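Heads up, the next two complexes both have subunit A, just with different partners, subunit B and then subunit C.
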Partner chain A sequence: MIFLLFGCGWIVLCGFAALLPLLPSRWSGTIAVVGIVGGSMLGLPSAVSKVLGGTPELASMVWSIPGGTLSVALDALSGFFLVPIYLVCTLAAFYGLEYLRSSPRGNSLGVFWCSYNLLMVSMIVVILAKNGILFLLAWETMALTSFFLVTFENERPEVQAAGWIYLVATHLGTAFLLVLFLFLGEAAGSYDFDRFPPVVQFLPSGGLFLLALVGFGTKAGFVPFHVWLPEAHPAAPSHVSAVMSGLMIKTGIYGLVRIVTLLGPPSTWWGVLLVGLGVSSGILGVLFALAQHDLKRLLAYHSVENIGIILTGLGLGLLGLSLHLPALAALGFAGGLLHVLNHALFKSLLFLSAGAVAHATGTRELDQLGGLAKRMPVTCFFFLIGAAAISGLPPLNGFISEFLIYLGAFSTVTAHSALVALGPALVAVAGLALIGGFAAACFTKAFGIVFLGEPRDPHTPEGHEPGALMLVPMGILALSCVVIGIFPAGLLPAMETVVASFTLQTKDDLSVILQETVEPLLILSLAALLFLSLAGGFVVLRRRLLRRRPVEETVTWDCGYAQPTPRMQYTASSFAQPFVARFAIFLRTRHLGGLPKGFFPRMASLSTKTPDVFRQSLYAPLFLGIEKGLHYLQVLQRGRVQVYVLYIVLALVALLTWTRK
Partner chain B sequence: MNHPSLIEAVLVTVVLTNLQLLGSSRLKICIHMVGLQGIVAGLLPVLLDHEANPLRAWLLVVGSVAIKGIVFPKLLLRVLRDAGVCREVEPFVGYILSLLAAVSALMFSLWMGSTLVLPQAPVGTTLMAPVGFTTILVGLLVIITRRKAISQVIGYVVVENGIYIFGVALVGGVPMLVELGVLMDAFVAVFLMGIAVYKISREFDHIDVDRLNRMQG
Partner chain C sequence: MDATALLAPLAALVLAPLFLGIINRTKAFFAGRHGQPLFQLYFDLQKLLGKGATYSRTSTWIVRGGPIIGLAALMVVVLLVPLGGLSGLVRFPGDLLLFAYLLSMARFFTVLAALDVGSSFEGMGASREVFFSTLTEPTLMLSLAVLAHQSHSLSLSSALGAVTVTSWLQHGTSLVLVFVALLVVCLAENARIPIDDPNTHLELTMIHEVMVLDHGGPDLAFILYGSALKLWIFASLVVGLVLPVRTGVAFLDLGSMLLGMGLLAIVLGCIESTMARLRLLRVPNLLVGATTLATLALVLAVR
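Coming up: the complex of A and B.
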């Protein structure tokens, strides 16, 4: 672990070196990336070794801050979250080198890279921390540095607004965590995680669980705490979105798992609540994604959806723990946690490809894009892999984790469990199926509108393939999605170690349960290989058949019209219309304009806009109400020195009287 | 020389000057009272006689008496003359009510002094801490209830006296450096406030604090 910590130090050092004045701004990125690569090479081996079953390590040091020791620990659970952090942060950093090269903000690149490196290290420290104060410090550093990254293009008003929403949301979440840690720390007399008691005075452990759920949920971004995601992700540069959506929101999941393990045996309702939140977050997330026209906003809503899937898995796991159903616990946790890794891979892949599109065409509006498959074939291919993976289609990695959750849920049926386990499990199955279907529809829309057809807007630049620095990281991510999808059985030992490290099950019990999944997974691998070879065979066959014939390229879609124009194509709105219309009651889509009327219709136009329902109907009125309430406090603000001195005297006297009571 | 009776006499004088301060509308009298209070309070270190080095105690006495008893009143009287005010007209809280408030502050302080656990036993008589605290409260009361800017300055000096008495009681022989520091602070503050009040009166033709809201943000 000492190497890992040195690696963190090196990353921070290089981050600050990128800030050095008088440095040519194009060097700052290189310096930062050198730091990240070095730190990852130092840290990744120990993280991987813990996942593969190495003994946990603990380092502890006395520090001057009260409330325990400066202690960090690396166990299997931490290692499991660290691996994607190292991997994706490094790849996204390389991508960022090229992505930011054309940025007009040469001077602030140093600040950007410094924040990026600090964000990476703060995420690592959050995962490693074994002390509440250290955890919160790292947590806040993570929030602040990511805020700086989100507001990188801060001259745009929508970026400023997004930054503020993010900052407020993350601090409200931290407030709940602060209360949680205060309760635990005061009861234990120390803020070290090891000493936290499962039971606290005044507050049942269910209350602590709810505090953790709200606090970590705000970072993880499940419904209804997701409002900052669709604002912040589109505002940030694409590789920052990849890091935030792929990794940072997962620290919320990590925190939730870590705190739940500290709270002793879980109650049944925790699992039921998590499944409910997970399923509703998944369905609402994907529905809102369907209604979006902005590519990165759409991806942001898919993060909400995938966090929902992860939460469903964790909920089933907790349910299994509390009801002593080992199969449900093992498969639920394994599926949920594996989805953390998978989502980190395919969501960052999607954000990076979306960034390549935005970088090449200068827009993220779906209705201005189209036909990019011809101009950016490689990016198109990578996006397709990511899209298939996120839709949970075999033979890609997204399917594997969802499959494990399905297996866990079905295990309750075969075990003839009570209704309390069966109900949530069936809800999870139905929900996952629905989410998978919608996600496939949504990515058909996103992929089809962006890459297929013809360019929709003649003003959009033609687009070009990005350079190697952007393509290679995307390629590595796509490759890892495929590899996990084809050889999932290789990950099972790692999942056993990780799940065994925080549930009280022994590794042998777990491996019995997980071994049962090996057989279907192997069949899946075989089927996948068969599918791939078939597809490859067809491609070869097609080439051979076409070899001596003239091949003519024409427009994609002319629908039998004599003179088709690109405006006749499906738009993002029209493609999603059947879904959006059916779920209008949730989505509250606003229609501007309308159908053409009369026999000789004049010009008509239609545009739709789907603002976030929770933001519009829950948070906006809530915060307005709070603001109104606070106006009454202005009575106290008299603007006279005498009155303020009076307040001080009153407070002083009151405090003295109170302490003398 | 430890003279409990002398110390008590000093403390009674301080309380009486406090009451006179609150009960009088003439600013001149208020300034004289503050000066008197500063002189008698400044004598406390020698009366207590716990200083290992009497020279230091005397130095402190000379310094604080000179500043609080002579320089401050001179300065304030001069500002008073230049600003052309001599009375506190229409205070926010009337004189009788202020006196009652001062008496309740005294009672509160006595009650508090009887229950307050101090880090070390107060030196001199048990009355010192309560009287010091009363003086602080009275000073704040002057700041709160009076309208003229110069009254605010007077209140500030009274608070400083209270802190001085409280400090002497508490720490027994405040480290000279600290006390000199406080004295310097107060001196500079009063000096600046004196100048400011003078300038304000020239600029606005009055020194009523409640009407000075034209510069509010």
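Coming up: the complex of A and C.
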């Protein structure tokens, strides 16, 4: 672990070095990347070794801050979250080197890279921290550095607005965590995680669970705490979106799992609540995504959906723990956590390739794009892999984690478990099936509109393939999606170690269950290989059949109409229209413009916009109400120093009498 | 592995086009026509495989690869599906998930191939296809959950193999509901009346047919064969459910199942001849209705 800590130090050092004045701005990125690569090479081996079953390590030392020791620990669970952090941060950094090269903001690149490196280290420290205060410090650093990264292009008003929303949301979440840690720390007399008691005075452990759920949920971004995601992700540069969506929101999941393990045996309702939140988050997230026209906003809503899937898995796992159903617990946790890794891979792949599109064409509006498959064939292929993976299609990695969650849920069905387990499990099954259908619809839309057909807007630049620094990271991510999808059984031992590290299940119980899934996973590999070879066979067959026959190219068939134009193509809005119309009750899509009027109509236009329902109908009224209420407090604000001094004296006296009591 | 495991996939691969032939002959009978030969689809396939191809200038490799990926996925599915008591070639706990997701992968690439040519008509079909299939997905999964619940198994072969006369006597109500739900899924997934009309001549009202307008030659042959396989796959689920003949003697089972498949083809032909297709706006109501029935079946099963 000492190497890992040195690695963190090196990343921070290089981050600050990127800030050095007088440094040519294009060097700052290189220096930062040198730090990241070095730090990852130092840290990755120890993280991987823990996932593969190495003994957990703990390092602690006394520090001047009260409330325990400065302690960090690396166990299998931490290692499991660290691996994607190292991998994706490094790949995204290389991508960023080229992505930012054309940025007009040469001078602030130093600040950008310094924030990037600090964000990476703060995520690592969040995962490692074993002390509440250290955890919160790292958590706050993570929030602030990512805020700086989101507002990189801060001359655009929408980016400023997004930054503020993010900053407010993340601090509201932190407030809940602060209360949670205060309760735990006061009861223990120390903020070290090991000393935290499962029960505290005044508050049942269910209350602590709810505090953790809101606090970490705001970072993870499940419904209804997701409102900052669709604002912040599109505003940030694409590789930052990849890091935030693929990794940073997962620290919320990590925190939730970590705290839940400290709270003693879980109650049944925790699991039920998580499954409910997970399924509704999944369905609403993907439904909102379907109605979006901005490619990155669409992807941001898919993060809400996937966090929902992860949460469903974890909820089933908790349910299994509390009801002593080992199959449900093991497969629920294994599926949920594996989805953390898988989502980190395919979502960052999607954000990076969406960034390549935005970089090449200067727009993220789906309806201005089209036909990019011809100009950006490699990016198109990578996006397709990401799209198929996120839709949960075999033989890619998204299918594997959903498969495990399904197996867990179905284990209650075949075992005829009690209704308290069976009910949520069946909700999860139906929910996952529905989410899968929606996700496939959404990604056929996103991929089809952006890459297929003809360019929809003549004013959009033609587009071009990005350079190797952007393509190779995408390629590595795509490859890992495929490899996990085709050879999933190789990951089972790792999942076994990770799940065993935080559940109270004895390891034997777990291994029996996960051993039973080895066979299905091996057959999945065989099926994947069979599918690929069949497809290959058909390719050869088709080529041989067409060898000496005429193969012509002509205009698209449009019912005999000889001159179709690109403007006649289906758009993103028209593709999603059946969904938007059917689910209008959730989406509240606004239609601007409308049907042509009169006998000789001059022009008609129609556009749709789907703002976030929760933001519009929950948070906006809530915060406006709070603001209105606070107006009444303005009577206290007299603008006279003497009055303020009086307030201070009164407050002091009141506090003194209260403590003297 | 014994040779009987090969019977179900072989029957599917060989007889799937005939199934469509029977439906078409039934429809012709109702219309008072003589109708096309029973083996017409075989002739069509042979003819198409011998043709050249024409592609839209807009299209890319997706339009060429879509039919191939779709057919490859469906052929893997064929290996998983049992024919009543005859188990599929491949069976493992969880194969019903692979079944459902491979089908959705085939659909994913059909839809992309439709979008590839940039035609509004095909976009329209693609949009409808994803919408309706999203609504059928939970129905399929919940129906399979009922079967999994009754058989204590997560494999299609065991789940359908466990449907016997006794289980019909014990859980008849629940199984009837599953049957109706699966029948609706079968009609919707295979573009049959009342959801979609395979014989319609107006692009504006099509769903599945319009998506493949720009395919021709060997690609169209792959698509047509794939659709025939898909229809066979869903039909064999339905027949396996309603025909609880599980003698254990392979050839008796096979014979009765094939008879059942023939009967189902005639029933589908009757449905198509005696019903009008639903208005597109009404289709979701039918599909959600099927989901409700499947949920009800599940409630009855687990209560």
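Definition applied: the second predicted complex is superposed on the first by the 620 of 661 C-alpha atoms of A that agree within 3 Å, B and C clash if a C-alpha of one lies under 4 Å from a C-alpha of the other, contacts with A are read in each partner's own complex, and residues count from 1 in each chain.
Everything that follows uses one rule, which is that contacts are C-beta pairs under 8 Å (C-beta built on N, C-alpha and C of every residue); 3 or more make two chains touch, one makes a residue touch a chain.
Computed from a prediction, not measured in an experiment: that's the story for all the values here.
K.L.:
Name the contact category of A:L422: first (subunit B only), second (subunit C only), both, or neither.
P.N.:
Second partner only, subunit C.
K.L.:
Is A:G221 touching the first partner subunit B, the second partner subunit C, both, or neither of them?
P.N.:
In the superposed model, A:G221 contacts neither subunit B nor subunit C.
K.L.:
With both complexes superposed on chain A, which partner does A:R640 reach: first (subunit B), second (subunit C), both or neither?
P.N.:
A:R640: touches subunit B, not subunit C.
K.L.:
So which one touches more of the residues on subunit A, subunit B or subunit C?
P.N.:
The partner that reaches more residues of subunit A in the superposed model: C.
K.L.:
Between subunit B (first) and subunit C (second), which does A:G278 come into contact with in this model arrangement: first, second, both, or neither?
P.N.:
neither
K.L.:
Classify the contacts of A:G315 with the two partner chains as first (subunit B alone), second (subunit C alone), both, or neither.
P.N.:
Neither partner.
K.L.:
Both subunit B and subunit C touch subunit A; at which residues?
P.N.:
none
K.L.:
Spell out the residues on subunit A that touch subunit C in their complex, using ranges where they run on.
P.N.:
Subunit A reaches subunit C through residues 370-371, 373-374, 377, 384, 388, 391-394, 399, 403, 406-407, 410, 413-416, 419, 422, 426, 429-430, 432-434, 436-438, 440-441, 443-445, 447-449, 452-454, 516, 519-520, 523-524, 527, 530-532, 534-535, 538-539, 541-542, 545-546, 549-559, 564, 566, 568-570, 574-579, 582.
K.L.:
Along subunit A, where are the residues that touch subunit B in the complex?
P.N.:
Subunit A residues touching subunit B: 639-643, 645-646, 648-649, 653, 656-657, 660.
K.L.:
Provide the residue numbers of subunit B that touch subunit A in the complex, in ascending order.
P.N.:
Contact set of subunit B toward subunit A: 92, 108, 112, 115-116, 137, 140-141, 143-145, 152, 209-210, 213, 216.
K.L.:
Give the list of subunit C residues in touch with subunit A in this complex.
P.N.:
Where subunit C meets subunit A, its residues are 49-62, 64-65, 68-69, 71-73, 75-76, 79, 90, 92-95, 97-98, 100-102, 104-105, 107-108, 111-112, 115-124, 126-128, 130-131, 133-138, 140-142, 145, 148-149, 151-154, 203, 213-214, 217-219, 222, 284, 295, 298, 302.
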